[in-house]
Amino acid sequence: MMEKGSDTIIERFRHITEKAHEYAKSLSQGKEQLVAGYMCTHVPEEILYAAGIIPVRILSSHVSQAMTRSYMHETYCSFSHDCAYQGLQHNYDFLDLIVTSSSCIHMGEAFNIWVRFAGFQQKSYLIPFPHIMQTKPAGGFVAESFGEFKQFIEKLTNKSITDNDLERAIKVYNQTRRLLKRLWEFLRLDNPPITGPEVATVTLASQLMDKQECNQMLEQLLQRLETKPGKAASGVRLMVTGGACDDMGIFDLIEHLNYSANLIFVDSCTAARYFWFEVPEDRPDKLKAIAEGYLGRIPCPAKDNVPGTGERKRFRFIQQFIEDFKPDGVVFIYQRFCSPQPNDVVALKPILHKLGIPSTELELDTTIPITQFGTQLEALVEIITRVAP
Amino acid sequence: MIAAGVDIGAVSSKAVILQDGQPYAFSLVATRTPEESAFRAMNAALGQIDLKLENIDYIAATGRGRTQVPFARITVSEIACGAAGAVHIWGPSVRTVLDAGGEGCKVIQCTEKGRATAFLWNDKCAAGIGRSMEAFADLVKKEVTEIGKIALQSDKFPKIGDFCSVYAQSEALDLIRSKVPVEQIIAAYHYAMAKRIATLVARSGVNKDFVIIGGLAKNPGIIDRVESILKVSRLAPKPEWDPALTAALGAALFADSFYRRQSDTSTTAGVSQACLTYPI
Amino acid sequence: MNTGKVMAGLDIGHVNTKAMIMRGQEILGYCTVPTGFDVVAAAQIALNQASDGVGISRGQLAGIVSTGIFRDMIKVPPLNVTRTVPEYVADAKGALFLNKNSRTVVDIGGNVHKAIRYDQNGNLLDVIQNDKCADGLGIFYTTMAKAMGLSEQEMSELALKSTKDVPIAIQCALSAESEAIDLMCQGVDIADVANAVLKLIGERVAAMCTCMSLTKEIVVAGGLAKSEALLKRLPSLIEQDVSVLNLPEYAGAIGAVISYEG
Amino acid sequence: MIEMEQEVQVPYSLKTWNEFKNYQSTCYRNYLYASEGLRCMGSTWSVLAPLKGLGEDVLVIGGEPHAASTAGTFPEESREDISAAEVAGLGFHSCSYLKLFVGEVVRDKIAITDGTIKEGYPKPDLIWTTHLCSQHSKWYQEVSRRLGGIPMYAIDMIGGGNAEKDPKIVKYVCDQIEEGIRWLERVTGREFSDELFIKAARNEIKVLVLWGNICALNRRAPAPLDERRLIALFPPAMVDRTTDETVRIYEALLKEVRHMVETGQSVAPDQRFRIVYFGIAHTYGHPEIARILRDAGAEIVASVYTFGTAGNFRGFVNGNWSWDPLDPAWVDELDLSSRRDAISALVKIALGWPTWQGVRSYWALEQMARAMVTEYRADGLLLAPSRSCETDFRNGYIGMQRIFKNEIPTVEYDTDQVDVRKMDLPGSQRKTELFVHLMEAHRKGVHDR
């Protein structure tokens, strides 16, 4: 349903998202290059990168299959089922390592499937990471936990990771984050030179890529965009917030309705939450710095609980994004069977109501019911544009 | 001036034709493939008034299959159409519309002008209630039009899971083992489905006046229970309007007004991709 | 088993009731009727139609054995069935009777599907039954055929003509149904939709099977075994050869008769 | 393989039973009706002793045990609570304990085990809880939000096999609790008494160890206790295990069960088959399933949920799990002289709970199952994942089915802890009947060979 954009760089990014594991394979092929898969975005990629390992995120394939149903309970989300499937299908046997950090339970189980049943027992690592990001002791704990991960990697590659290595990796990754941020900033414009789905696609690709290559491509892209004229006058501005969604079809759908509507922001761990933070570069202790960076992120709803008040820190970010990107409507997306996400929606709706922003909820599965979601989105636009006979 | 609306639903397809805004003809046929059903529905309605497709000035399509209707000039969501149709039928006091269709249940909030202001779509596990009624009717070897009345014959019946129509079906089948009379099993199944729908309505919020449209609106076994669970009664259905036609009527009203506003290019509704390749 | 005796087996499932008349090892007649909500009546009709068809009177029947989910409900008059066997036991015996080399039977019924492993004497070794979300595959199959305005036979044949794999949500019959409808509303070729429906059923059954080690030969029973399109898919899905039993939907009823004595 | 072909004995009836029931409902009544005192809410899967440092008038109510017992006492109310929570917008797939609990808040009434319903939800002064699964701390965030912002403090118990032996994790959790104690002082304006705290801490640890000892006696044949009693006897320890009274009743129970074992008595003497059960106590359907088993002389003699939710065992001893109990005397000798000592002793005990170990560690769960099957000489393994419980290691069970099926009769059926709508009763009954049949066939097979 997606007509390809003209921009060749964006095409290259899109190609990577569509052929994720082929790209990852190409990284490892021939060369001495080590490649690691990661399942939760709280894995400190910098540490892997400093050791010369390229981290690639494991995402879903949207192949409808029942195979995983006899490994994982029905009531785990389709995203975790699909990621588990990648392992069971041996799509990623070439990986040298699979890593995750204490994540939501569903994704944790996807990781377990790889370890137990897909032959990764001997090449896997689970990084203990807080389930509440905002406690005082979290900092020290994460630094120590990352330290142990660093030692594990040093043993694996049997060469030590120096502070310089870490510093370089931090700079490369921060660079990616800054470039991506600049890309998303375009969407604040009334007629940006790039569309929301394109930005989302590029962001998704960045999670699969060697960051050096990624940064080069991003810089070229930004150069072109800065000179490129904006696209046609934009329509209704829709912001997406919720859980992991690597199905770009949904975002394309938003821009291919029978009305003119635009995707202007995506708050999810496959989009903004992946990169909307930086690791401080001026700290003497690099591990502490990385810990500080990762704890300062937009929290995943499964990890968001400010001690003392129970406040959700993520809501502050969302309100900021609403101020900056000025959406006319909000689209909640979450995986069917996910619990943290819908439980945040309950508390978010009153906030949107106060702001007078209408919303709709899309329940994600392996595949998307295009006509149903299309109807929901068009109905949302009709409400925003006050359509009546 | 003749305007028409077609509603290609998951289970049935409907057409409503208006002459100068007044009801002229309508039809309801089973949905097979959307395009073919669109023609069948339209022709059925046209047949009543000896008109041809080209005699119609403007056609709007709604429903799940709306993008597959080649002869439609515009498409409008069944949310907007449901609200518009309901207010046209029941008047400006309508605020909450439950559209209980074959595949999905939607709850629509609207203004006195029939403009939708918010809606709630059923969650995946509550899908297919309408169609499951047909499967259930087959299992009990009764007519789908009959079971609704049978369901109301017993006020005492075992409670079965209302979370998912497939579970409910298994549980209903299993009640046979405990020798529960068939009427009670039918009642139990209807209550469960009604409870599931009522939860959606309450989740979205019921504001008076409340009306129910869509195919299930014709099943008293569901509707009466929904009302009693919600402790709110809907406006009585109008004899002259089959509630299943409400969205199609809404589409026809949109067609009517867009025809009048045709000159005005600032219309917010887009033109369906299909009709570009299908000059009328 | 006493070779002379004429016996009847009744397999009363969620959806259909199957009756089987046998003289010793010889199959005389059989018949299937929908179970509906009057189990006793359904059982009687099935039994009468099966026996009348081969000119056997009730008096000539040495005994009736019932199996299936509702097996206990016909212990009452007029049938007064005294012997019942669990469906998995009957399935095993029946499958072994219909195929001496079979050691595993996969039974795909209207509401429940299961895989049963047994030894050369038809003694149970292990059984796996479907998860809750996979209930009602048979009913789903019927419903989808109806939704497409086809007979089950036609849907299966149409699926074989499919040229394109279209994905549909695998969670349960419900999601699959609404996505199949969604595909039709997108204008997807219904042959491909039919294929997707059968693919889902095959996938679910195969997934269940992998929880248990299946021993060769593997045979398929139950109403859905009659779908050629489904059977074409199964072997690749469970990565083993499978064959369809002759009279697949009667495995249980036959097994009931066989297990009458030993 | 043990055969119990002796003549059927009279089922033993527990003398301490009523004391347990009374203790539990007294705790709830106090929380509901106390005119003064400090009302504390939260998961009783948290260490509770710190709350007791705030004074002798601290009243606690815990999410899971309350939801579970309410569901047991008021099936219809619970249905309404859960749908009220869904109407209020909570996820259709969220934890049903959570929804029942929030449903009561929404409906502004509360129902307790002694059969009473109180109109007007008793507002807690503070929420002290843990984060154990992806939705668990959301639970109290929602309660806090709905009650207008109750101060809450959630402790991240980052579990996983052997966590209690990982100094990094122990320190992390201890630090959070020290922070938490300072927070408790701030939010209540009370001075924290280390004396009261340490006393409560020792009681808390003692009760957990005592329960472990009680469970361990079920290794004998016949097992003195059955699943029904086990399910009923551990909740008091979940409700409030910090009081002298809890220690007293659990010591009394241990004494009584020891006597049962010596005299070869059991609450369910007919035990032709011994079953190990992995699953949460699903309130609905449990009687039906139990009946099928009892008719076949099959009893659940051990389960990770009843043993390991409020009980401690030796756990991993050089790589292998052991269900051996800990010596109660060890608790009396524990050095709890300082606040930090008491905190870390508590944290080690809490992180050592088998349930914790299993929640995020499939290998620990698998080892527990293996050990339980051998130590309790099980004839069958029954797996009953709960559809809406993330901590019920649903996934572990599916994996375990694959692993154990070739070794021992293993059947898995679907349940839900308190949501009757999600309990697959027909399927569970079918599968339990099958389970019994498989155990019979297996035993016969073993004899033939």
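As written, the chains take the letters A, B, C and D, and residue 1 is the first residue of each chain.
In the analysis below, a residue touches a chain if its C-beta (ideal position, glycine included) is under 8 Å from a C-beta of that chain, and two chains touch if they have at least 3 such contacts.
Everything numeric here is computed off the predicted structure, so don't read it as measured data.
Counting C-beta pairs in contact, the pair that comes out ahead of the other among B-C and B-D is B-C.
Ranking every chain by how far its Cα centroid lies from the centroid of chain D, the top place goes to B. Chain C has its Cα centroid 36 Å from the Cα centroid of chain B. The distance from the centre of chain B to the centre of chain D, with each centre set as the mean of the Cα atoms, comes to 47 Å.
Separation between the centroids of chain A and chain C, computed from CA atoms only, is 45 Å. Remark: chain C and chain D have CA centroids separated by 41 Å (rounded to whole angstrom). Contact with two or more other chains is made by residues 88-89, 92-93, 387, 398, 402, 414, 424, 427 of chain D.
Shown for chain C are the residues in touch with two or more other chains, namely 69, 131-133, 135, 169, 171, 175, 178, 182, 185-186, 210-211. Residue positions of chain B touching 2 or more other chains: 64-65, 67, 104, 123-125, 167, 170, 173-174. Chain contacts here are complete: no pair of chains fails to touch. Within the complex formed with chain D, the residues of chain A that make contact are 70-76, 102, 104-106, 108-109, 112-113, 115-117, 126, 128-132, 135-138, 140-141, 144-145, 148, 301-302, 305, 307-310, 312, 336-347, 349. Every residue of chain B that touches chain D in the complex is listed here, in rising order: 123, 125-126, 159, 161-163, 167, 170-171, 173-174, 195, 199, 202-203. For chain B in complex with chain C, the touching residues are 8, 10-11, 30, 32-35, 64-65, 67-68, 103-104, 124-125, 127-128, 131-132, 134-135, 138-141, 164-167, 169-170, 173-174, 176-177, 179, 182, 185.
For chain D in complex with chain A, the touching residues are 88-95, 127, 131, 133-135, 137-138, 140-142, 144-145, 149-154, 156, 158, 160, 166, 168-169, 171-172, 175-176, 179-180, 183, 187, 359-360, 362, 385, 387-388, 390-391, 394-395, 397-399, 402, 414. Listed in rising order, the residues of chain D touching chain B in the complex are 79, 83, 86-89, 92-93, 419-427.
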